[in-house]
Amino acid sequence: MANDEKNELIKHTYRNDNEKNTLKRRLSIIEGQVRGIKQMIDDNRYCGDILIQLLAVNKALQSLENIILESHLEKCISNQIKEGNTEVTKEIMELFKKIR
Amino acid sequence: MANDEKNELIKHTYRNDNEKNTLKRRLSIIEGQVRGIKQMIDDNRYCGDILIQLLAVNKALQSLENIILESHLEKCISNQIKEGNTEVTKEIMELFKKIR
Amino acid sequence: MANDEKNELIKHTYRNDNEKNTLKRRLSIIEGQVRGIKQMIDDNRYCGDILIQLLAVNKALQSLENIILESHLEKCISNQIKEGNTEVTKEIMELFKKIR
Amino acid sequence: MANDEKNELIKHTYRNDNEKNTLKRRLSIIEGQVRGIKQMIDDNRYCGDILIQLLAVNKALQSLENIILESHLEKCISNQIKEGNTEVTKEIMELFKKIR
């Protein structure tokens, strides 16, 4: 019951299995990259090389963010604007400021 | 033997246990954040909320990069410059350009 | 005539005098900052100090970009989506990618 | 006299005429771009197009910053480290954090 109430406050975006798998596969790759960097720390690898790997994780995250943002704009945001919820542009602006 | 040869081509930065543990703890937190986002995908959570979590991972990575870069500049880079290897400023410049 | 034809290909956003003056005042300040940096070059000022001034210009530009983007999302983009032109989300996505 | 005293507090980086002209030419181009955007505001040009021009100014600034940073690392920073002023890596770190 408490869980149901909590669920009502949580917003959802439904995704099909295909979309879920694409996103989760990318996240698993990122997880693997992070684990690999932990190993590099253990192996006393050169900081310059560790930094390059960390920057590669940043890039992988950004490309995933772009995929999610693109579908967010096309579906959620467009629909909310069509339904008259123009406040949603503020949400995009907030995301945008966080992204910079 | 093959391993030894390979090792000679790999550059190293020695870190004490304390440094290693600090860096690995931060990487484990990032790994946990990424796993949490996979769960959010499974739970059909709102893309806006997923984006905010992804941006939080970016921030965590950047703060880790800053820690590593700071010690990289203080130790490796300073020492290499003192030893007359001024080419190392090119390495820093490359990192800077990747980071932007 | 040639000018009229050209004008038809150019997209417009109408702004009132108040909006125009606010934006132009900010651009004039940025212009002044850039001129000031030219003077610093002439005065052989320390590169570290010049870099800090250049980064201040970046910040001023970003804050102007945020103002324009916010009104762009609230007016142009929202209206185009309401009119059924959902292609416009692609335009926003392109801007986002350029901005990163 | 007052001016002389002030000058002693200001740090300098000497540049030859060639370096000065290269940097000032780039700054003049940026100034011209900013003036062009003021004209676009007056001409009620589409915000999307103004944003693209503003982002072009950002890019031009970043490429100038890279030129200055590169020479800053090669000359000023290397020299200061060789002279034993290792504190200078903190200055680079501060610039780096501002740049992100």
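When the chains are written out, they are named A, B, C and D in that same order, and each has its own residue count from 1.
The rule we apply is simple: a residue touches a chain if its C-beta (ideal position, glycine included) is under 8 Å from a C-beta of that chain, and two chains touch if they have at least 3 such contacts.
None of these values were measured; they are calculated from a predicted model.
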item: Most widely separated chain from chain D, with each centre as the mean of CA atoms; value: A
item: CA centroid of chain C to CA centroid of chain D, Å; value: 19
item: Centre-to-centre distance between chain D and chain B (centres being mean Cα positions), rounded to whole Å; value: 27
item: Inter-chain centre distance, chain A versus chain D - centres from mean C-alpha coordinates, in Å; value: 33
item: Of all residues in chain B, the ones touching two or more other chains; value: 62, 69, 99
item: Graph class of chain-chain contacts, one of line, ring, star, complete, other; value: ring
item: Sites on chain C touched by chain A in the complex; value: 62, 66, 69-70, 73-74, 77-78, 81-82, 86, 89, 92-93, 96-97, 99-100
item: Sites on chain C touched by chain D in the complex; value: 10-15, 20, 23-24, 27-28, 30-31, 34-35, 37-38, 41-52, 54-55, 57-58, 61-62, 64-65, 68-69, 71-72, 75-76, 91, 95, 98-99
